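Two complexes are shown next, each including chain A; its partner changes from chain B in the first to chain C in the second.
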Partner chain A sequence: MMPDLSSLCRKGLEALYPDKVKITVGRATCGRASGAEEVYQALLAEVKERGLDCTVATTGCLGFCQEEPLVCVQFPGKPRYVYSRVRPELVKEIIVGVINQNMPRKRLLGKVFEDEVLITGEKVKMDDRSGDRSLAENPFYLPQVKVATRNCGYIDPGSIAEYVARGGYLALQKALAQTPEEIIQEVLESGLRGRGGGGFPTGKKWDFARKSPGGVKYVICNADEGDPGAYMDRSILEGDPHTVLEGMTIGGYAIGAHTGIIYCRAEYPLAVATLREAIKQAEENGFLGDDIFGSGFSFRIEIVEGRGAFVCGEETALIASIEGKMGEPSPRPPFPAERGLWGKPTNINNVETWANIPPIIMKGGKWFAGMGTENSKGTKVFALVGDIKNNGLVEVPMGTTLRQIIYDIGGGTGVFDFKAVQTGGPSGGCIPASLIDLPVDYEELTKAGAIMGSGGMVVMNEHACMVDVARFFITFTQDESCGKCLPCREGTRQMLELLNKICAGKAEMPDLELLENLALAIKDAALCGLGQTAPSPVLSTLKYFREEYEAHIREKFCPSGVCRELFELTIAEEACRGCGRCAEVCPQQAITGQRKQPYRLDQDRCIRCRACLNTCRHKAIKVVPPRR
Partner chain B sequence: MNVTEIEEIIARHQEVDGRVSGILGDIQKKYRYLPEEALRLVSKKLGIPLTQLYGVATFYAAFSLSPKGEHLISVCHGTACHIRGAVQLSEILEKKLQIKEGETTKDGKFTLEAVRCLGCCSLAPVISIDGKTFGRLKPEDIPGVIAGWKERDNCDA
Partner chain C sequence: MNLTIDGKTVPVIDETTVLEVAQREGIWIPTFCHHPGLPPYGACRLCVVEVKAGGRPGLAASCTLPVADGLVIETNSPRVQRSRRILLQLLLAVTPGSAVVKELAEKMGVNTTPFEINEQENHCALCGLCVRVCNQVGAHAIGFAFRGTRRRVTPPFGKPAADCVGCRACASVCPTGDVKFTEKGDRLFGENWGADLSLARCSSCGRLFTTEYLFNHVKTKLGPDYSAAKLCPTCRRRSTANVMTGSYLGKVR
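Entry: the complex of A and B
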């Protein structure tokens, strides 16, 4: 059937901007984990009980996860109210506000005065700028430029009509009227590079796959987002699944494939369910299937669920997994573009990469290349998490500095000093506070000893131990090593033993040298990208935090207070204000004292769980070397 | 294990791509593990060597060769959760359930497992119970969460 864009668009606009009050809840996984389902149910119940004529709708993640659950209230033609940290109790107040047309101020994060549709450039203005602050001017949102996440938090992910109303599937229609070469040219011009970690130019990858001989080809969406600390792909799949389907269909047409496969990790059940519904709706409306837009081009998309193996994020391992084998990587060449799934030419891109395709096709490669730095174009979504005030997903132009991301958007690290930021997951590294003005792009991060990876940014304060962080990642890679090649299988095991020794205070200085040599050897000799980059967390922390390793070895002291055998906690009398919060959280009753007097900590009872350390706002809890 | 049920699962998966993963996934879901007879049957029906299926069954974290508990508690050990106190959550869960990570309680009610990343890093540290995610947890919240789950399920484990 021929897709009917205009009637879908009309339907979508009616749903996005209905002529009655619309209350929307962000119901992606992060929202749900903060209580969005309870809020959603409470809203439904209130609306029903009071017999209100208003819509209660669903949307994906608005990005500002710290403030979840988020609820939007929109009166017809008026600005949209966005409430943060909504609890069922606040629901009543919101409903009363709707009835009296006098919305509460409590927990009002801001108001949205204008919606812009990126794809078409159209703007939906909602007048009445008076009074409250604009959400767009909130420091968290102000520097952001949303391309891949343009629809997340705006549309109902279960409605293809709302996607179309935001310019969805226009790019597919446009692409199918062009030649595959023209599309590849556009993607090449955009400078888009793989957002999953490798950073390989997407247009080149497509070109290889297009030029590979063979009648049957595949495109794959890598949705096996395994890097701990990164969740932008989940958010896109849960919030805007059609952008991925549209991107893949365009990619399929460009390289000459008729089957697309989304390999999605099973840890993301909501993403899988959202995708299934989206595929169904795309098929029903003629965006997937035979002769799409009367072009003669046919395309189908299937979902294959991952089963919990980190290495399957590597493309050759991912292919093996789809073929029903253990997810072991194979040496490249041959690259998947020549011989991939079932031996056929295959093009693999990750979720965020695919999500960038429709805007590039509609607005042109030049537009995309107008953002970013010399060799890193466009925007990138980062998962800004860890010891940071404003946790969430942020999308900024490449080249934005760490300072802008961590302080301007993230709001800094609170009372504790910023120590390091870990980027790129287990293949990445820790960047120290001294490099805070580093512009974030592929080259600069690599130069600093880290990598872009998939965009995880785990911020750490002064109480994170860098040796422990290195051990954490090596534990991870050691456990996830597929075991096929010796350097990774045995090398990571040996590195882990050395790190365990250091963290237990049982290492000697030659162990450090051994650790470094081992790391360099694995980097050179491992079979796949995962093994080759497995030592990166060790190498980068050795580069910037060697003195911390040395303190563990020479002084048997963990200065950050993490490695339990190597520190004690004490209360600094001069800093203690006697608020007693430390005593309240201590599970051992090891802290005693009287209000407004300095408190005392009994070493014999202390289990060094750090509850007091994380609670004290006056930094009165000090980490000191253990008594011997 | 019921042969007809396994045959039904196999029949449901006619797709070429990801067929083995789909079939084993459904068996795991139904029985909470992959019974040996089931693997033998799949091997025979699909013409795939049992050794390959054994490889797959032991390679992926989601598959298990011994039964998992009725309720699956997953403690996220992603980076953000690690630095925000996942280890402390694991310790208290282990103490509360009297099992180690990777083990199942004697009554078969709960399995405690460590997972790599649940993708809820902004709410670290998080755990999930039977797919429901709990975020921003402190060790002292754990007894309440477990008690709430038991109550909800009416199980008296």
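Entry: the complex of A and C
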């Protein structure tokens, strides 16, 4: 069947900009975690009860996770109101506002005056620019450039028509009229590099797979996303599934594959369901199946669910897992492009990599390469989390500095000093505050001892102990090691032993040397990427925070006040303003005093839970070495 | 196709590994999970060598590294030595009693391990030789289960190995001596795998010589060419010799 882009587009535009009031709720997993479902139900009930003629719609993640649940209200031809932290109580006020055409200003995050369709460059203006609080000028959104997440939070992920209305599947139509070589050339020119962690040039990978001899080939979308704290891929799958399907179909055509497989972790049930629905709609409308756009090219996509092993994100383990074998890596070469799934040439790309393909095809490789740095092109999505004001999902051009991300977008770390940012998850490293002006770029981050990775960015303030941070990640990797090879299985176990010893104040200086040598050996000798990168959190913290390790060992003191046995808390009289908030949060009643006078902390009652440390805005709580 | 190993350029053919080339050239590389008769597995990493050029630079396990034209390999660079020493120390901590490991340690001049020593009864180093040889035999009685430090070799679902034929190949390749079989009366117990098999008696001399299961396994593998008589190796040799001399003499006469 021939896809009917124009009628789909018309249908989509009617749904996106209906001629009645439209209320949209961000209902991706992050929204749901903040109560979006209650808000959605309350809206439905309220609209029904009052017999209102308006649409209540669903969209994906708008990125500003800190402010969720987010609700958008759009009057025909008027700006769109975006409300943050909506609770069922606010729903009533919003509905009353809709009826009276006088929207509440409470929790109004901003207004949207214009939607831009990235693919086509068209702009949808919503007039009545009364000036105030443009969402686009919100510091959280201002520096962002959305390419991979261009539709997240705009469209209903369950509607192929809305995807088409935002330029969807135009790239596929265009690609199928070109030769595979032309497409690969375009991707090469774009400079796109894999967003799954390795950063390998995508065009080169496609070229290998295309030239690899064999009649049957596969493309795979890696949606295993296992880094703790990372959820870029989930948001794309839940918010804009068709961009991944479209990207994969173009990739399949370019390398000569007729089957695509999405390997998605089963812990993402909403993503899986959204994908299933999207595949169904794509098939019904002729974007997947036989003879797509009359080109003679056939392509189908299947979903395989992974079962919770981090290592199954590694490509050879992923392939083994799809084949029904134990999910453990095997040596490369041979690379999947030579011998992959079922022994056939296979091209694996990450979700975000695939999501970048349609815009690259439509707008050209040159356009994409116009963003970013010398060797890192385009944009990158980061999951910005940790001790930071604005948690969320942000997409910025490569080359944006950490300062811009952490301070401008993230809003900084509040009263406590910024200490380090951990990028790249368990395979990545900690970048100290002194390197705050580092641009995010594959090479720059690697040089600093961290990696771009898949896009996790954990911000830490002065109360984070770097030894403990390293221990956290090693605990994760030693638990997730598949156990096949000796350095990773036994090496991470021994690293963890050593780190436990240091955190307990039982280590001696030679242990530190041993830890470092062990880390270097594991990095060099492990079989797969998991083991090879597992030591990075240790090596990078040793590089920038060695004195913290030494304090733990020599002075038996944890200067950040994390390792329980190695510190005490006291109140600095001169800094205490006598506000009494510390006394309120102390579960032990260890803090006593009178308002407006310095408070006192009773060491014997203190269990070092740090509640006061994180509460005192005047930084009057001090971490000191234990008396012993 | 040529490859340079420790400064010497040598011709190589496709489908060989760097370890095989080294062994051919008389260069010693320590190995632990490698066996020439079994598919390479790459688990112990003791055989790492340094790729200097012609491939991804860095360390790679030579037993799984395919040769490639222009590859430049150093088998004993300082970087290789550092990793190998640590790997051996890890191995010593996992399986302190293994004679194979002790011998390797001696050869490499590593005497002790700074790591916490495994005090458990189980000293398996998960080299996977038993699993591979069992697959090679065709029995597929054991495999790996679980992940990370919980990983172990076990029959399916931790139940007594239903497919164990009692060939004891696993015990013969095990470098730590962890795989144990014992004979009691006319029964053979594969202790690690919970196997309990009846032994077959030679129909000529009456000696217990193999398991019933294995005898039948070999019989089905070899097909009708295999004489059905249940004979121990000695008696079988004698019987074959008799047949051969008989027919030879018959022809001469």
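Simple rule for what comes next: the second predicted complex is superposed on the first by the 627 of 628 C-alpha atoms of A that agree within 3 Å, B and C clash if a C-alpha of one lies under 4 Å from a C-alpha of the other, contacts with A are read in each partner's own complex, and residues count from 1 in each chain.
Basically, contacts are C-beta pairs under 8 Å (C-beta built on N, C-alpha and C of every residue); 3 or more make two chains touch, one makes a residue touch a chain.
Since the structure is predicted, the reported quantities are computational estimates derived from the model, not experimental observations.
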Which of chain B and chain C A:Arg307 touches, first, second, both or neither: first
First, second, both or neither for A:Ala45, with chain B first and chain C second: neither
Greater chain A contact set [chain C / chain B]: B
Partner chain(s) touched by A:Leu514 [first = chain B, second = chain C, both, neither]: second
First, second, both or neither for A:Glu490, with chain B first and chain C second: second
Which superposed partner A:Leu527 touches (first chain B, second chain C, both, neither): second
Partner chain(s) touched by A:Ser321 [first = chain B, second = chain C, both, neither]: first
Touched partner set for A:Pro269, first chain B, second chain C, both or neither: first
Which superposed partner A:Gln478 touches (first chain B, second chain C, both, neither): second
Partner chain in contact with A:Cys30 - chain B first, chain C second, else both or neither: first
Residues of chain A at both interfaces, chain B in one complex, chain C in the other: 309, 326, 480, 482
Contact set on chain A toward chain B in their complex: 29-30, 32-34, 65-66, 68, 225-231, 234, 259, 261, 263, 266-269, 302, 304-310, 321-327, 341-342, 383-387, 391-393, 422, 425, 456, 458, 460, 464, 469, 472-473, 476, 480, 482, 585, 587, 609-611, 614
Interface residues, chain C side, partner chain A - complex: 42-46, 48, 58-59, 61, 64-66, 79, 82-83, 85-87, 90-91, 93-94, 114-116, 125-126, 128, 143-144, 146-151
Interface residues, chain B side, partner chain A - complex: 15-22, 24-25, 48, 52, 55-56, 59-63, 77-85, 88, 115-124, 126, 131-136, 138-140
Contact set on chain A toward chain C in their complex: 309, 311, 326, 328, 330-331, 333-334, 478-487, 489-491, 493-494, 497, 510, 514, 517-518, 520-522, 524-527
